[in-house]
Amino acid sequence: MTIVVVMEQVPDVVEELAIAPSGTDLDRDAVSYVLNEYDDHALEEALLLAEASGDEVVAVGIDTTGELDQTLYTALAKGARRAIKLTGDFEGTWLSTRAAARLLVPVIQELGPRLVLTGVQAPDDLDGQLAPTLAALLGWPHASVVIGSELVDGVVQVRKELWGGITMTLELELPAVLGVQAARQAPRYVPISRVRQVMREASIETREVEAPDGLVPAVTTLRVPEQAGRAEILTGSPAEIADRIIELLRARGLL
Amino acid sequence: MTQRIAVLVEHLEGQPTDVTFELLGLARRIANTDGASVQAYLFGERVGHLAESLPADSVTVVEHSALHHLAPEPTARVLAALLPADLPRLLLVPNTSLGMDVAAWVAAALEWPLVAYCQALEHRGSRLVATAQLFGGKILADVTLDERPTVIAALAGAFAADAVNPGAPGKIERRDAPAELAALRTRSVVLERPEAADVDITRAEKIVAVGRGIESKDNLELAEQVAQALGAVLAASRPLVDAGWLPRSRQVGKSGLKVKPKLYFALGISGAPEHLEGMKDAELIIAVNKDPKAPIFGVADYGAVADLFEVSEALLERLEG
Amino acid sequence: MDPSLKKVAEVWERETAIVEGMDISGPWNRMFGQRVIWDYSPDLIEEIAQLPGAESFAWCYQCGKCVPVCPVDVVGDYGPRKLYRRAQTGINLLDSPDLWLCTTCANCLRVCPKLVDMVQIMPAAREHAMLTGRAIPAELQEALENTAIYGNPLGQPARKREAWVKDAGVPVPILHQIQRPVEWLWWVECYPSYHPRGIDASIALARIFNALGLDFAILGREEKCAGDSQRLAGERGLFEMLAEENIRTLAKYEFRHIVVTDPHALNAFRKHYPKLGGQYDVWHYTTLLARELPKLQPLLTKSLPYRVTFHDPCYLGRHNGEYDAPRQLIQALPGVEFVEMLRCRENSYCCGGGGGGMWLDSFAAGHQRRRLSEERVLEAVSTGADTLVVCCPYEVSRFEDAAKSTGVEGRLRVRDIAELLAEAMGLIGEDAA
Amino acid sequence: MRENGLAVLVIGGGPGGLEAARTVAALGTPVVLVERRHRLGGTPDAEHYAKLTHHFRDAEEALGELIAAVTSQPLVEILTRSEVTACEGEVGNFRVTIRTPEGMQERTVGAIIVATGFQHFDPGRETQLYNYYSFPDVVTLSDMEAMLKAHQVVRPSNGQPPERVAFIQCVGSRDRQIGNEFCSKVCCGIASKQAIEIKQQLPNARVFIFYIDMRMYGYWENELYWPAQEQYKVNYVKGIVSEILPKGDRLLIRGEDTTMGRPMEITVDLVVLSVGMEPSSGTRQMARLLGIAQNKYGYIEAGGPSGLDPVATSRPGIFVVGAAARPADLDDTFATAGLAAARAVAALRQAPVAAD
């Protein structure tokens, strides 16, 4: 049986981000892309599940960057059996979550997996997270913010993190969609030697797809928040400083 | 018909969460401008009694055992069943672990627009503009809403919980559980609370972190008191862990753990790059250090050039006294 | 919290612990139970020895010469010959913390009668551990992932690699901007480009180069980590990827020689890039400056009232044979009194940063009485020196941290040779560090 | 220089005696070679050596060449199944009595070379050292040589090839209790050589060598020890075995792994005791008969007045070869044989011509 992992490359927020002249997207020429860190956890969780169940992991991604191969080869090197890349007339665009889900649904239906895993969120999913969106379009049960899962007797048992350490354990009938916050263990390391070996020996299946409606998020403008780079210095006596700190915490609901 | 601004009530173990009131406050401000009314969706098992405490014009109550913990599938299916008929102007859902699953699912199922990570929602002229935090908070996206009903997944803590009911308690409307709940594919939902002994600083919402400025192991007690008063866990920079004052599981930084709490309160940490690497993504960083040139002030949102012991004691007086 | 730890009064104790066959589990009285050796097998030795490059692992005949000179054994229970014996008694190196403790300092190889070459064995064994899916220490994993993504172990954006240049106060030409041939291509490397203390040394060196009228330029954002320490940490593939990219980049420009700040880059360019098609004339900056001493000497006008000692970087000294140039430079500094540490030149101690140790600091510290860097700064202090001079970019931050954690912070300053030269030339102030 | 026509008597037909006889004859002097056994070849032949240390020469073949070189030499008279029973006189005029199958013979010889060799240390029925006489699967180096020569390395108890073989070094050597305070010199090399041969014949066997310290003289280091460890995966463990206990139908050996500082208990199928050398009975007997001094261990005292001559005995004109004087390998034996031959011929030529 099959477990699908959806993997996405996203603009690297470590880099300084600039806004394109259009005002509705990042300056994509200045952006560098990395694998969405949560998708890396989704892959790890999928591999852990598959190692226990004997399922086959298929990594699927939409190539919006022209650089997705590296991500997919890495997934293959880590233990995915197949990798499928969707390509189309959307390279360099900011794909909306809804559009991504629409592109993915036919592939998922064709693969007929019993689980779809993807990262809980991405830094650019303005119109919602991918996992629940996919679940809605597929009509499957789902849970996000997943921190652990197990396939037991035809269901998946999922640990979903709420807050303050509280977790919710759900049993979902299969097939189901999971949005992974953290795999049960840190994503494994695969040495580049292995990735390079896979690049020589394995291949990525490519599917040309049509761009759907609502391709990009409906942004009016993007802007950089006004934020001082350095700390605002609290002055006064220790008592006054303490007062200010408490005030700041209260204002943010931290007290 | 009056337009409605709808809010999904998030609750946990019989208590509405703080963000529910923040969203009700936001809904009220929008409604006041638009002449709309505020409608709360209250789903759960035996939660009807909460309806009266909610500052909304009307509370739509659906009770069913499957809704006990607001699990994603049942909650989303109820909303998807009710919304096409109710057609609110906006549906406000908290962008929390519970809410994010529901918001995206419902919006996709109904093909309604959605703005997630919303930190501001305000009128600009006649239009509503939602502002979302993207790219790790480095970019804000303004989205001008059109006339279609729209789902807003709003960040917790971003809006003031200042809503008051203008008039009498709202109208309470009980609805039957929709048929979809009979055919759920989510089974068995259980909540677990963490064991008190476990401290995992990577998951802590609030961290009080101490560095060499704490001077001696005996002084850790003061920092521990500050942490307790703030509901935070205690963490440390490398030298303290090396000295064996705290276990390695409390070490923040390159060679320790990477943390992203809502609050990082740094006491006596100068901020070596190796340390900053582990905590610079915290949402709010407040640093107290005697050295005005301490690099920690380069990443902190707020800083105080002061004696950490004096500030700690002043804080304790206020928080405990 | 490690789940096997439980709190007993004020200490944390492990539920069970077997160390080198000694079962030290038990209540706080720590009664020892000794484990009998039930079997010997060459299998685990063979598993390592069959790896290309690691053949010599099976050659050890337990003479023990390596152990006293192993810097890791000085602060823990390690030593190459012990690895062989542990393997023989059933402890798999691939699953043992020992796998990650070697800094590839090469001091064992220097004395080994049978040429058991840990400098080759360790990378091969580590790569094999990675390829067979064994977990690697998280710190190292992060550094390797950062290097793969960003081209530097710090996880800093490539664009910021040249950001220090604007603070240099002197021209630092960048090749992709000037587009002309230069005499010297200065390979700055990662820590001198990104780490604040590394940048201090880079600025000092840029000013010295300018004062000498050297025709030089840097690659800036196009430079990626030379990758030698990643290779030694077991990531040969990552090294090859970086080397191929760097060789392609270097092919775009005309230059006659490369001068490197980092001895690890020197080692990579001298010994490993040629195998991948990159042939360069590479100099460490101390070698270059020592050659320029006739021009440099008259510029050293300010007397520095320091008592200094010098730490030989493993990859400059033992690996590449340069012991004299740094000493010539130090002895040229007016006013400076130079004292040697007990372990210097060929038998110099190791800072702990090589072979991936830079990214295994906490891991290693968990298996050692004290850090190698701490051992070294204490040795430096014992000479009566007030300044520890270094010329490898790993060392400034390692030794400064060590000075803090050993409590000698106020008594010992750590300075790059370039910083002292620039200070004596009046190009930087004493506090520029 | 003058010839008196007298022969040199060589006592012992092992490698040392053969080489001495060959050299004396090659120098043009007649030889009488006396051997107690019915055939030449000495201990390597009597104990069925497989291969010789250190060139892995086939023992039978190498000895065959040596024997042929002597038997084809007309100047050598060979007396097998013979023993010297009396000797009197002095250099240039020794009158010896030899018991041969044909009867007693009297001969006058000018010089005598004693090449009576060694015997292997016997672990002893009374001492029951390592239970050699109780446990069939405890054997000695010479037992193993015979098995290797027959290509039949098996456990004597059941005839099955062993999976695990352990050598225990220094059995009967370097031991004040036993009285053999000397190192037998060859056992480390021979154990390593045998370990290699065992691995050649039984590639899946595990071979252990437990030692106090490995004494690999000269080229034995790189020709025996290193290949055994590096190519044949022989496990060398520093720490001598204290005792062997029965464990089911196998053997449990107990000792300390001194490098690791930990006790060890290893189960094996076959134990080889690396027994050392002692002077042979012939050596002791001839020393008494010839009136030459022995050291406290029974070896013939060598060195001469200078202390530096390894073939000189306490009596002028009588010379000693190889393992009759000290634990010796074949190199030592051949070197001293050649030297003894030269010294004997020289002594003969310088001695006064017999009165008759």
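Note that the chains are named A, B, C and D in the order they appear, and that numbering of residues resets to 1 at the start of each chain.
Following the convention adopted for this analysis, a contact is a pair of C-beta atoms (placed from the backbone, for glycine too) under 8 Å apart; a residue touches a chain by one contact, two chains touch by 3 or more.
Keep in mind that what you see is a predicted model, and the values were worked out from it rather than measured.
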| item | value |
| --- | --- |
| Minimal step count in the chain contact network, chain A to chain D | 2 |
| Innermost chain, where centres are averages of C-alpha coordinates | C |
| Winner on C-beta contact pairs when B-C is weighed against A-C | A-C |
| Geometric centre distance via CA averages, chain D-chain B, whole Å | 90 |
| Chain centre separation in whole Å, for chain C relative to chain B (CA means) | 44 |
| Whole-Å gap separating chain A and chain C, where each centre is the average of the chain's CA atoms | 36 |
| Computed distance of Cα centres, chain B from chain A, in Å | 20 |
| Where chain B touches two or more other chains at once, by residue number | 198, 200 |
| Sites on chain C at which at least two other chains make contact | 155 |
| Where chain D touches two or more other chains at once, by residue number | none |
| Sites on chain B touched by chain C in the complex | 198-200, 212, 238-239, 242-243, 247-249, 251, 254-256, 272-274, 277, 295 |
| Of chain A, residues touching chain C in the complex | 12, 14-16, 32, 34, 185-186, 188-196 |
| Residue ranges of chain C in contact with chain D within the complex | 20-21, 34-42, 45-46, 58-59, 61-62, 85, 88-89, 114 |
| In the complex, chain A residues that touch chain B | 11, 13, 17, 19, 26, 97-98, 101, 121, 123-129, 131-133, 135-137, 140-145, 155, 160-173, 176, 179, 217-225, 229-235, 238-239, 241-246, 248-249, 252-255 |
| Touching residues (chain side chain C, partner chain A) in the complex | 127, 130-131, 133, 135-136, 138, 141, 144-145, 148-150, 155-159, 234-238, 240-241 |
